[in-house]
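Chain naming follows the written order as A, B, C, D, E, F, G, H, I and J, and within any one chain the residues start at number 1.
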Amino acid sequence: MSTHPSKDLETFVNPNQERDYTIIIDIPEFTCLCPKTGQPDFATIKLEYQPDEKCVELKALKLYMWTFRERGAFHEAVTNEILDDLVAAVDPKWMKITMKFNVRGGIYTDVVIEHKK
Amino acid sequence: MSTHPSKDLETFVNPNQERDYTIIIDIPEFTCLCPKTGQPDFATIKLEYQPDEKCVELKALKLYMWTFRERGAFHEAVTNEILDDLVAAVDPKWMKITMKFNVRGGIYTDVVIEHKK
Amino acid sequence: MSTHPSKDLETFVNPNQERDYTIIIDIPEFTCLCPKTGQPDFATIKLEYQPDEKCVELKALKLYMWTFRERGAFHEAVTNEILDDLVAAVDPKWMKITMKFNVRGGIYTDVVIEHKK
Amino acid sequence: MSTHPSKDLETFVNPNQERDYTIIIDIPEFTCLCPKTGQPDFATIKLEYQPDEKCVELKALKLYMWTFRERGAFHEAVTNEILDDLVAAVDPKWMKITMKFNVRGGIYTDVVIEHKK
Amino acid sequence: MSTHPSKDLETFVNPNQERDYTIIIDIPEFTCLCPKTGQPDFATIKLEYQPDEKCVELKALKLYMWTFRERGAFHEAVTNEILDDLVAAVDPKWMKITMKFNVRGGIYTDVVIEHKK
Amino acid sequence: MSTHPSKDLETFVNPNQERDYTIIIDIPEFTCLCPKTGQPDFATIKLEYQPDEKCVELKALKLYMWTFRERGAFHEAVTNEILDDLVAAVDPKWMKITMKFNVRGGIYTDVVIEHKK
Amino acid sequence: MSTHPSKDLETFVNPNQERDYTIIIDIPEFTCLCPKTGQPDFATIKLEYQPDEKCVELKALKLYMWTFRERGAFHEAVTNEILDDLVAAVDPKWMKITMKFNVRGGIYTDVVIEHKK
Amino acid sequence: MSTHPSKDLETFVNPNQERDYTIIIDIPEFTCLCPKTGQPDFATIKLEYQPDEKCVELKALKLYMWTFRERGAFHEAVTNEILDDLVAAVDPKWMKITMKFNVRGGIYTDVVIEHKK
Amino acid sequence: MSTHPSKDLETFVNPNQERDYTIIIDIPEFTCLCPKTGQPDFATIKLEYQPDEKCVELKALKLYMWTFRERGAFHEAVTNEILDDLVAAVDPKWMKITMKFNVRGGIYTDVVIEHKK
Amino acid sequence: MSTHPSKDLETFVNPNQERDYTIIIDIPEFTCLCPKTGQPDFATIKLEYQPDEKCVELKALKLYMWTFRERGAFHEAVTNEILDDLVAAVDPKWMKITMKFNVRGGIYTDVVIEHKK
């Protein structure tokens, strides 16, 4: 489980808890460092979730993403960690994260993870 | 439930109530205000529904959308409110709304809600 | 039911009645008149069907579409009428019509209807 | 059933008959003649199949397609005929053909047929 | 089964074995030789898999792909071989390979194979 | 010169006659009839001009375009006629019209004409 | 000349006045009102300029654009006014504005104006 | 110079000989045979010209293009021949032909020729 | 002039100094910090130049771009600085830089600068 | 100057030496090796030329491009070499080569060279 210092992701009360609905968030500006070489990695993130009692606050989400700027992070591990942190903060009915990493060595990698309550 | 003054959305009689069919309406010019900062927000709306006895009149729908121009509205709340108002006016067999909000703080948000009778 | 004078849509014998298959027809040049204002409306039509004993003849279909050029027609009603006329002429196993109307008052409308035998 | 002289479509042994897999072939350059008017018709063909014991040889497939260049062929009939010939030659577990014919009289036509063993 | 010398595809431990998730890898620069004519063939590869205990290391994957540069390889056979090698190395819960070969003789070929544990 | 009854195209005073500037108008919904066959023709029109003392009023322009709906018109002649009518009404420093006619007999035609004062 | 209250557009000192260079600013979210009907108009703005001693500050530019939200404004006049205000504030070597207005009555209008010192 | 039997390309009188203007014709369905191998070649043709006294008739142009269906023709030679035939028939002020041939051996070829009176 | 520590951009000898030619380099992954708010800025860079005696080495260019990751930088100033550093290192006959910054406050900014020897 | 063994690029006589015209050739499948690391490089080539007395034969051009498959080649040098070889073989009035190399280290490079007689 993540020991990330910024996982206190601010939330607000879901304004309509009577029905299921979906929130889709696109974050085109994620960057971290490669743990092996120290070189920058870039990714875009798509986050989809059905809120239960809480929704994630967008400014807090942006600040959370910035905390990865100086950190080394493997593709598969960081996608799992971000989903873990968001699930811990928002406790959604359902959540899916898609991270699309930029080309490295001529190869593109996406990691896609779903969480169900 | 919405206390919006314009929810008297004009309708007309569904010309074919014997079969199920789908009406898809794209509204590319929605704007409201951010309740926190007062700055303008822009969105596009896709509305899909199966009419029962009534269809929504397009000019009334356009006027209804304009009433948000001076109002503060959170993304999740306003999408729920618009769906509530449309369901109250049209009483459809099924309805789905997708609001795509323009980028704010480098982040794009869509809200997608379905209603079933 | 339609009282349209041109509903005698010419057909030909389905050349392979032993198997189910699908015919998809795109008609990008439909125009009629708005019954309220008299101004021209434009639409594209996608027609999909599984023929039973008959297929619709393309030239007759084109001529049929031209008969709407001088007529007033509401979006939802005209889509239902065209499907009715085609079902009456072709008697398909399955048929679906999608009419995409051009923007009016800043709003785009599609109407989608399926018929099953 | 087709009496086409070129239906001896050459095949080769499926190199992996232990698992199901799919081969997708796009042929963008099909042309035949309209049986009514004699004018050229153009189409693109997508062929998808799950091989059983045989795969179709690509050069033979290309030569087979050329044999339609001088022939009159109705849209629905020729799509059925090509599928019949390919099924006879390859005997696949599953095969699907999609022919997209170029615009004629302002109208586009696709024909889609599936075969299952 | 493949007798390919490079099938020792390096892997690393799946960092989250508690949940199912999907890794999607796009390799746009595959080239081999046509076994009949000796002329170069080019393809793009999409690899999708659910890791079990192991993930494939990207640099090793790149080196593995380069080993085909001097080899003759039929479309259907090489797609099966690459999937076999990857399944042997990674032992995934599920894996799918899509190879899209460049046009030859005016015809495009894709081969799509799925493996399930 | 055109004897068209609707050439009284309404204009308004150019709000800034001190500098040269360009107005670009796209009209995607033009239709007339083929003078030979009577069948409908469809086109899109791009109009570009530098106003002198007058600008063309958009609603009047729309009504002017509708007057061609029932008229037979050859591609080259109608483009010249529309430009003549607009030059007569607006008396611009410079004007250019581009009419893109839909496919007929498998062939697309554009006509492009410039007028300079 | 504009009597607009917000024309005090904040600027900052051009950081490199020794060479000519170009700044291109895209503002996709402009809205004002139609002076005739009171209905909302939407436009995108592209601003291109060569700074002399001053550059326009982006936040001030955004606030300036918001001041049109409640104002009636004709397409041609408002484009001239915005260019006048920007030229007055920034005093550039060269400046060009392109306003692309959304479809009204089925017609799209762009206005393009250049200023040279 | 061409000895082609179909060069009697029908024309009609240019309806506006007082001004220069441009006609652009797109023909997406050209096919001929490779003179070396006999295999079909496909191309798209763009024809642009400024008419003098004559314009080319579209149906005649289509029939002219069909005459190449059974003929062997090298890329460079056939483009020159078609331009020669059209110049002979239409005697334009200016004419340009662009032929885009489909991929052969993994290589795409365009031939572009201009004629000025 | 820049006091940037990394301006020692490695170069190699232009392999063909007898003719003028152009090198175009696209760098899609530039990031720095906003000097006002400290928040990350992202940009893509297009660099075009005619080499004289030297060409810039790509790996050194990549490392140079990474040095901006922790630095505050205004859009206009940083584009001028990067061009200055590259001109100092490469001494090209001609060089042009285009930096496209991601949306901030709903506004996109590009800065384009040319240098000629 | 190139010492490449395959520069005997076969040509044929320009079929129309009386007028200037342009031949454009797209070669999407070029590959060579990086001289530093030995790893494969991929590029697409666009060749444009005005023939004088000779045109390059396409099959010979394809074979010529294959000779780089096993060779180390720097971006700038190989583009110059290919242009030199083609100029030597074809002796055109004008020739331009554009090589677009695939991403390496997150950076894309094009090299563009023109030759005039």
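By definition in this document, contacts are C-beta pairs under 8 Å (C-beta built on N, C-alpha and C of every residue); 3 or more make two chains touch, one makes a residue touch a chain.
Here the structure is a predicted model, which is why all the values come from computation and not from measurement.
Contact with both subunit F and subunit H is made by D.
To fit its Cα atoms onto subunit E, subunit A must turn through 70 degrees, a value rounded to the nearest 5. By residue number, over half of the contacts seen at F-H repeat in one listed pair from A-E, B-I or E-H, namely A-E.
Placing every chain at the mean of its C-alpha atoms, the farthest one from subunit B is found to be J. Taking each chain's centre as the mean of its CA atoms, H is the chain most distant from subunit A.
Our note on geometry: subunit G versus subunit J, Cα centroid distance of 46 Å, whole angstroms. If each chain is reduced to the centroid of its CA atoms, subunit C and subunit H end up 37 Å from each other.
Averaging C-alpha coordinates per chain places the centre of subunit B 31 Å away from that of subunit G. The centroid of the Cα atoms in subunit D and the matching centroid in subunit I are 53 Å apart.
The set of subunit D residues that touch two or more partner chains comprises 28-29, 102, 104, 106. Chain pairs that touch one another are A-B, A-E, A-I, A-J, B-C, B-G, B-I, C-D, C-F, C-G, D-E, D-F, D-H, E-H, E-J, F-G, F-H, G-I, H-J, I-J.
Listed in rising order, the residues of subunit F touching subunit H in the complex are 74-77, 79-80, 104-115. Chain contact summary for the complex, subunit C toward subunit G: residues 102-104, 106. Those residues of subunit B that touch subunit C in the shared complex are 14-16, 19-29, 51, 55, 58-59, 61-62. The part of subunit B that touches subunit G in the complex is made up of residues 28-29, 31, 39-40, 42, 66, 69, 102.
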